[in-house]
Structure formats: structure tokens, C-alpha cells
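Take a look at the structures listed below.
Below are two complexes that have chain A in common, paired first with chain B and then with chain C.
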Partner chain A sequence: MYRYLLHRILQIAITMFLLIAMVFILFRVMPGDPASMVLDPKMPPEAKALMKKQLGLDEPIYSQFIIYMKNLLHGDLGRSFYYGRPVYDVIMERLPNTILLFTSATIISWGLGYALGKRIAWRRGTRFEHALTFMGLLFYSVFLPWFGLIMIWIFSYRLGLFPLGGMITPELWTAGGAGIIALVLDVLHHLALPLFVLTLLSFAGAMLLMRSSMLETLREDYILTARAKGLSEKVVRDKHAARNALLPMVTALALSLSFSMSGGVLTETVFSWPGLGKEIVSATLNYDYPLAQAAFIFLAAIVLMANLVADIIYAYLDPRIRY
Partner chain B sequence: MSFFEIQGLRMHYATSRGRVKAIRGVDLKMDKGQALGLAGESGCGKTSLGLSILRLLPNNAHITRGRILFHGEDLLRKSEEEMRRIRWKYISMVFQSAMNALNPVYRVGDQIVEAILAHEDITKDEAKERVSELFSLVGLDPGRAGQYPHEYSGGMRQRAVIAMALACHPELLIADEPTTALDVIHQKQIIEKMDELREKLGMTMIYITHDIAIISETCDVMAVMYGGKIVESSKVRDLLRRPMHPYTQGLIRSIPPLHDSVGRLTSIEGEPPSLLSPPRGCSFNPRCAYSRDICRTSEPPLRQLNGGLVACHFAEEIPWP
Partner chain C sequence: MGIIEYARTSIKENWSLFRRSRMGLLGLAILAFFAFLALLAPIPRLIDDMYHPMVGVDPEISYSTPPSLRHPMGTDFMGRDLLSQFLSGAQIAFAVGITAAVISVLIGTAIGLTSGYYGGKVDALLMRLADIVLVLPGLPFIIVIAAALGKMSIWIIVLLIALLGWPGVARVIRAQTLSLRERPFVEAARVAGAGDRRILLHHLAPNVLPLTFLYAALGVSGAILTEASLSFIGLGDPSVVSWGMMLQWAFTTGHTFRAPYWILPPGLAISLLSLSFYLVGRALEEIINPRLREP
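After this line comes the complex of A and B, so read on.
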């Protein structure tokens, strides 16, 4: 196990290095120039040069890369060109918002997908299965921004049940005097609609994955044994079939969870959700190299770690797997 | 009232190509403590018959006619819950692919405990105690009950599956090709073990196999199945000494004799019948050397002859050297 872990961590380190180099180069070959965004065109040339020097942009690319890597190894992600604040602070400010929305949506979708998937596989060929599969696929193929806007129009604009966007009501937070419960309720009120839309449009993925995995498991001989043993239908379905069908779900869920950290760029835009996805777009558009690089590297690290965690959980769930 | 009886059972699978008539009228009678060997080629309906008894057939299978009487009660009329209680407690089964009959993610001992606790009102510790006894009974080290199936060898898994089948002391045990996946040495050990256990526990047993040698060693009565029907049945010794049905004769000719020098082995010409559209008349007639016009038009009934049962129009005339 330790040998395996060591091996995997080394693998992750190599992957990360290659990825950082790629991201670094990609941003620098992108047309355009951070100086044009940061610097006022009416500035005198000497001031421009001075500022470029301060940002470290006068150095050749390879030495910029070496400096960047050195700082990274010390845990220093640099300063955002745009905000003028440490990149780390900006990311840590946005990330919890993204986690709140996307991680809860992912967990609810997968929980729902698991519960429905095992049931429709168990009752294969019934109207119940056809209806759920059809509905799931229908919502799965809907374009989220379009659907999101329609939902906002119906529930927020026409019916006035939910806010039009954002994560909080600023007046409530700045005025003071509001209790903690009122503040939590305010966030939940903002969260409800995007969470509902995201879950509705994504549960089918998990459901169909669970369904096919479950159908495969139901063909196994040990399921026949379980039924022959006189176990109740529910025990056969949940303890014997679903437990085994869960195995392929773990990897997919871990990946899905890690990708959810990036936040849907489109979703966050539609619902004006102040998360990481929205930040990545603006950082890229603003030539904010340190922020954009850090965000990408950060997400890649999460994806790689999630894979490792999935493998470890896998070994725990399936006694046949030992590293 | 017999201990166990099947009357006129008919069953088909509904497939996209039509109805596959897997069981086309089977009658069977067994006394308590008897061992019946059910022989026949692959695809003749042996396994379907075993699964019908426990009502474990897949959803596309339909039993259209017949009764399965256990202690005089028709199993086909039981509710799903009544049936659940009968399974394993009264009738249990060793499956064809015993290699995969154990769930890979649970410990072997726990899977047996689960079966016991589903039927008996005893504590988990008592059930574990019984697992140890069962393990010793089938010749497994009780210390290995805490291991997972993949940590067992093929022979050990087979023994574990047999131990599991015996867990609730069933009255009737259906063993469907329990040793096909094993090498000859293990086969012999397991067969002997099962035979020993059957005598010790007074179990009634249905042994489904294509291996006539095994039947001759362990069973009292033998029935031969062909094309979804029983074509011949009688005491094992009688049947092997004087097989009456041409198909049974062919089966016996195709096994090498154990003690005599090996002469010519003959195989049965042709293919087993399609159960999708079985031939008219006797289902064996296309492969039968003795077939005449009547065999192609009229289906021979299973009738009494020389102390056994045979379904052939010309059983009296067909010679056996």
C-alpha cells in the first residue's frame, strides 16, 4: 500500500510539473499582453517600463518560469495583476461559494442518481423505468443557460419566489443587526434555484451509469444465489446488487466532484454566482496571468488528488483490490 | 402422497425470436431420502427444471401448465413471501457456476450467516457457530470463514457453496452441475463428500449433470432428459444395464468404460433439437436410427416397461448388446 501510494504521488508530481509548464506557456503565447490591461496607454514610456519590470514581465520567458516555479514551491502563488492582492486570497474567497453550489448539486445528483438508478434497473421494462429514463435524458440534454434563464424568468421574475441572482442580499449583510439564522436563510434562498436547476439537469448522468452498472450486476450468479437463499427482494437489491454496482460509480463520482470545483462557467454567469468559474473567465480575459495560472493549477491538483482518493476508496469497497 | 412430485410441467421463455419451450411436459416423483440423477445434453432443459422448482426463473420465463408438489402442496400457487420462506430452508440449491455463486465483496462466513438468519430465529453468534460446523462438515478449515471468496481456491469455493446450501438443513437439495468447474481429483472428493452428507443428513437430492459416471456412483434413480422432456427413467442400475430409449443408449455408448479396454466410442449423430420449434412427433426422431413414420407424427408417451419408464414407440424391439 505504501509503495503504491509513493508511486502514485510521484506520478502526480510529474503530471503537475508538465501541466504547470503547459499552462504557463499557453498564457504567454495567447495573443495580447497584460501590460495593455494593467497599464494606462497614456502613461509615459519610462513609467511603463518600470511597471513591467515590477511585474517581472521584462525578463525572458524561461527565467520568468524559473522564478514562478521557485515561488510556487515556497507556496507563493503571486499577486493578481488585476486585484493587486495575493492570488491565494482571491481563490480562497471564491472557492467556498463554488463548493456550496456545485458540490452540493453534485452530491444531491449522485445520491438521487444512485437511488433511482438501482430502482429502474431492478424494475427493468416497466413503465416506471421508461418514464424516468426518458425524463432523465430529456433534462440531461437541455442547454443549461437557456433552461436557467427560463427558470429565473418564471420563478424569480414572474412569481417572485426567488432572487434574480447573486448569493446574498447585500443590504441585509451590511446593515448589521440581522441574526445568523436570517443570514443563513438568505444564502439558502439564493441557493435554491440554481441548485434545483443544476440537480435536475445532471442527475440523469449518475442515474444511467448506476442503471447500466446495476443491470450488469443483476446478471451475476451471486444474485441468483442471494434470491435462492430466500432473502427479501430489498436485501437482494440493496445489499447484494447495488453494493456491487456501486464500484464503478466511485471513480466517476470522485472525478465529477473534483470537476465541480471549477464551477460551471455558464451556470455561474447565468445566476451571477460569485464563484471560481466566473473568476477564471475574467482572469483569462484580463490577462491576469498569476490568477488564471493559479486557478488552473489548483483545479488540476484537485482532480489528480480526487483520482487518488477514488482509488483508495475503491480498495476499501472491493476486497479483491489490494495495492 | 409423495414427498416431491412434478406433474405435467410446461415452461417456455419468451424471446424476440419466439417461444423457447424449455420444459415440454415433465413428470417426476421422488421419495424422501432418494437421490435422483437428471442427465442430458446442454440445453435440454435440466437447469430450467431446477430453477422452476425454486421459482427463480428469469422474468421472461412462463410456466404455462403443471404442478410442483412439495409435501403435497403446489409450489406454483405459493405467494412470493411464502416461497421466500421455503427457499433454502426446505429446498436449497448448489448452482452450476458455483465459482461465481459467492458475492465477491462479503466474507464467505457472513454470506452463510445471512442465509441462516433469514430463516431462523437465532443469534448471530449461534449462526457463526453453525458456519464453523458446516465448514468442518465439508472439509474446510473453519478459520477461513472470515476470508473473502477470492482468497479461496476453486475447490474451496465449491465446498463453501455446498456448506452454504446445507446451512438450514434443507429437506431437498438441487445440485446443478456442482463439480463441472473442477479438476478430476476435486470432483471426486466433492462428490464423495456430498454423498456422505446426504446419507448422514437424510436429505433428498436432485443431481443435475451430464456426467453419467457421477450419477452411477451416487444416485438411486436416474432420469434422462431430451428436448425438454424426460425420455427414460428407472433405477440407476437397471438403466445402465439395459437402457431402453435410443437416446439413452447413445449417451451410454459415448462414455468410455472404466474397467474394460476402450473399444470404439460412438457419438450421437446430429444436433439437439431446437426448443424454439421442436420437431413433430418424437423429438429424437431426426437423430434416431430406428425411426419410422409413426415417430414423425405421434409423440410417444412415457410408459411403464421392465420396471422403468420410457417414451419410445419401439422400446421393446430396440436391441442392447
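After this line comes the complex of A and C, so read on.
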């Protein structure tokens, strides 16, 4: 099992390296002066020349790449044109917010998807199954940012139950005097609606995956055996069928993580959730190249890390894994 | 047997199976409805110049108005007709969705066949590549490319969606090819003197064709949603009137909570059209894989 995990970690590290290299090349082969991609256009020419030298932009491309990697490993990601601050600081502020939204949505939707997916597969052909499957397909293909807007319209704008967007109520945090519980509740209040929207999207996928995986498992002979032994329906469903159906589901879900991350970017944008997803969009719209690059690298890193976690879960669930 | 004849008999044989799936029929009905709308798209601008979805402005209106006789779905912030924009959106959705799906399925099938048939190093290399593209977060990747390019055209968007979509197809086609290449008919072809190229194109490719169709149908949904998302966040092609772009205009001009006649139709259309392709795809899946059918 450890060899399997080691193998996966190595694979993920290589993938990460290739992604970084790809982004590096992308921003340097673009038409025009490569310096314009890293240097703030508003800078005076002398400062530009100096910066160019410091960044190694007058050197050949491979040594530029080495410098780039070195800086990256030191946490030096350049300066954001828009914020006028080091990109690293901006990223570190946004990263926890994205992780909070993304992981909670992923965990809730996997859990719910597992629980409902096994039930609808078990009751195949009933109205309950048809209704939930159709609902799942509906949420799976709904246009997420639009759906988010409708939710804001109904629950925040009309009913006033939730804030219109953002992550905190600034007055509450700057005034002081608010207890830690009040602050946590404030964040949860802001989190509720975006979490609901993102969960709904990835939950639908998880439920449909679990359904088809469970349907495959139910055809196995050992299910027939378990039934013939006179085990109760619940034991057959939960202990014999669902546990074995879980394995292919974890594999498929790990692959859907990059899809959920795309959903996360849209959710953050619509709900003005101050995460990396919202930042990559606004950085791109503001021509803030260093920030856009870094936000992408970190979003990809989150997906890769989540993949690694899925691998660990898989190795734990399936003791047959040997590499 | 020619490919057209083959297609005709295969449609005839499978239609009775497809008809049994109520969800598949529903999907087909929605799809036909939007295809009809897409065909109507060029008509409004023939009636009057002001009905041009992009440059036509009603001379008497300079702000967004609710539906009226003159403008059955209302007008946008500068007096452009929303119905003609909506019809144009249908056209764009089909064009983008189908083109992107066809390209990515072609790439995926070619890579899957090659990988499965040749095996060895070629297979290992291609599949590692597929693994990398598979974990790439699609939308952020397209956004970062938009950042590097500065501006996007609709065909670059289509190409990027296609380049991100092939690994899933390639994996499935590869698995299928692995099992197919061991079958006796491949052996027979080889004994009869067929080369690799002939075996791949004439003996293996036709056998993975049904799977290819399935993935094309599923791919259309994803492509439509991705293009709409990009347009919605302001990174679409500004010279194309798509449903996502209509929403973006409503959003940036502050009409989000004020103009339901403007906000609701495009979002609903994107969702329904992508749903319809999923439903059709699933019905096709049940035909191809009998194990999925209800007993």
C-alpha cells in the first residue's frame, strides 16, 4: 500500500511540475514582448530594464525557467499589478477561503451522494428512483452561475434570509467586541448559500455515479448468495452491495474533482466569495498576469491534493491494493 | 456495406430500443425544439434591421423594456430585441456544442484506438498524457489561457474545450480496443494480409463507433455549459451573441434583480439544452450497454 501511495505522490508531483512548465511557456510564447506579461505596463522604462535584469528576462528561456522555478519554491510569485502587493500574500489570503468552500461542498456531496445513490439503485424501477434520478440529471446539467443568481434573487434579495455575497460582514469584524462564536456564525451565514449551490451540483454527479456503480454490483453472484443465506435486506444493501460499489465510485469521483473545481470558480464569482476562483477571474479581466498564473497553479494544486486524498481513501478501502 | 447504409440499418434497429426510454424521448423532444429555434435565428433580421441581435437597436427604446407586441421577449439595456438574441443564442449553442464534442471525440477515438491497439510504450505515454489532462481543472485552465491571449474568439474557445475533453473518451475506447484486438475477426483480417492501418480503420474503428456517438452526445452538454460559463464571467467572444453573453450583459448593466424577462430565458435554455443531450446520451448508453437496462 505504501508503494502504491508513493507511486501516486510521484505521479502527482510530475503532473504539478508539467502544469507549472506549461503555464510558464504559455505566458512566454505569447505574441509580443514577454516582459510585458510580467512587468507592470505603467512602470518607467529604467525601472523596467532593472526589473528585467532582476527577473532574468534577458537570459535564454531555459535559464529563465530555472529562475522561475526557484522563485516559485521560495514563494516569490511576483507582484500583483492590481493590488500592488506580492502575489504570494494575496494567494495566501484567498487560499483558505477556497479550501473551506470546496472541501465542505465535496464532503457533503459525496456523503449525500453515497447515501442516496445506494438507496435509489436498491429501489430500481420505482417512482422514487425515477424522480431522484431525474432530479439528479436536472442539477447535473443546470447552468450553475445562473442557478446561483436565482438563489440569491429568491433567498437573499426577496426573502432577505442570506447576505447578497461576500464572506463576512465588515462592520462586525472591524468594530470589535463580537465574540468568536458571533464571527463564526457570520461566516457560516455567508457560506450557506454558495455551499448549497456548489453541493447541489457535485452531489448530483456523486449520486448518479453511486447509482450506476451499485447497479453493477447488485448483479454479482455474492449478492444472490447473501440473499439466499437469509440476510436482512438492509445488511445485503449496506454491507454487501454498497461497500463494494463504493470502490469504483471513489475512482470516478476523484476524476470529477476537476469538474467540481470549475463549479467552484463559478460559485465564488457569483457569490463574490473571496477565494482563488473569484481572483483568477478578476485577475484575468484586470490583465493582472502574475496573479492569474499563480491562482491557476494553486487551484490545480488543490485538485491534485484532493486526488491524493481520494487515493489514500481508496487504498484504505481496498486492502487488495498492492503495487 | 457503405457507412450510410450501415447508419440507416443501425438507426432502424435501435430506434425501437430508444423509444422505450421515456427520458431519452423527452431529451430528443427538447433537443428538437431548440434545433427548430436555431433554424429560425436568421429570420428576425430579415423582417427589420432593428431585430438584428447584435447591431439592431429599436430607435424608440434606449433602455431595457419588458415584453411587448413589438418585442415579444423585451429589449436589453440599449433597446436590442431579446427574442432575436435568444434565437441567435440557440444557433451558437448548437454550433459550439456539436463542433467541440465532435473534435474531442475524434481526438479521443484516435488516441484510444492507437493506444489500445499498439500497447507498450505508445500506450503508456498516451495514457499518462490523458491522466494529466484529466486532472486539469478545465475552466481555470481556459481562463488562464484567456489571460495569456488577451482576447478570446469563439473558435479558440471551441478548440480549448475540445482539447480538454478527449481523455475520458480515449480511456473508454482504449479499453474497448484492448478487448476487440484479441477477437478472432482481427486475427482473420491479419491472416488475410491486412496491415495495421487497415485493421485500425476498417475493423476496429467501426466497432467502437457506437461508444463514440455516446460520448459525443455527452460531450455536447459539457461544451455548451463551458462556453456559457466563459461568456457569463466576461471572457467569451464579445462579437458573438450567445446565451451566456446575454446573461453577462444583464449582469454587468445591473439588471440582475430587475429584469426577469431578460435573466430567466437564457439560463433556462442553457440548462434545458444541456439536459437534453444528457438524456439522449443516457438512452444511447442503455442501448449500447444492455446491463444498464431495467430488467
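List of remarks:
As a convention for this text, the second predicted complex is superposed on the first by the 211 of 323 C-alpha atoms of A that agree within 3 Å, B and C clash if a C-alpha of one lies under 4 Å from a C-alpha of the other, contacts with A are read in each partner's own complex, and residues count from 1 in each chain.
Assume contacts are C-beta pairs under 8 Å (C-beta built on N, C-alpha and C of every residue); 3 or more make two chains touch, one makes a residue touch a chain.
Bear in mind the structure is a predicted one, so any value in this text is a computation, not a measurement.
Using the contact criterion defined above for the overlaid structures, shared-chain residue A:211 touches neither chain B nor chain C, since it reaches no partner.
Contact with neither chain B nor chain C is seen for A:237 once the two complexes are overlaid on the shared chain.
In the superposed pair of complexes, A:222 makes contact with chain B only, with no contact to chain C. Of the two partner chains placed by the overlay, neither chain B nor chain C lies in contact with A:190.
Of the two partner chains placed by superposition, only chain C is touched by A:307; chain B is not.
Of the two partner chains placed by the overlay, only chain C lies in contact with A:143; chain B stays clear of it. Shared-chain residue A:320: touches chain B; no touch with chain C. In the overlay built on the shared chain, the residue A:119 is in contact with neither chain B nor chain C. In the superposition on chain A, the chain among chain B and chain C reaching more residues of chain A is C.
Looking at chain A, you'll find residues 125 touch chain B in one structure and chain C in the other.
Those residues of chain B lying in contact with chain A across their complex are 54, 56, 59, 84-89, 92-93, 95, 97, 100-105, 114-115, 118-119, 148, 150, 161, 164.
Interface of chain C with chain A (complex): residues 23, 131-132, 134-141, 143-150, 168, 221, 225-226, 228-229, 232-235, 247, 251, 256-257, 263, 266-267, 270-271, 274-275, 278-279, 282, 291-292, 294.
Interface of chain A with chain B (complex): residues 125, 220-222, 224-232, 235, 240, 243-244, 317-320. Those residues of chain A that touch chain C in the shared complex are 11, 15, 18-19, 23, 26-27, 30, 37, 124-125, 134, 137-138, 140-147, 149-150, 153, 157, 212, 215-216, 219, 255, 257-259, 261-262, 265-266, 269, 277, 280-281, 283-285, 287, 289, 292-293, 295-296, 299-300, 303-304, 307.
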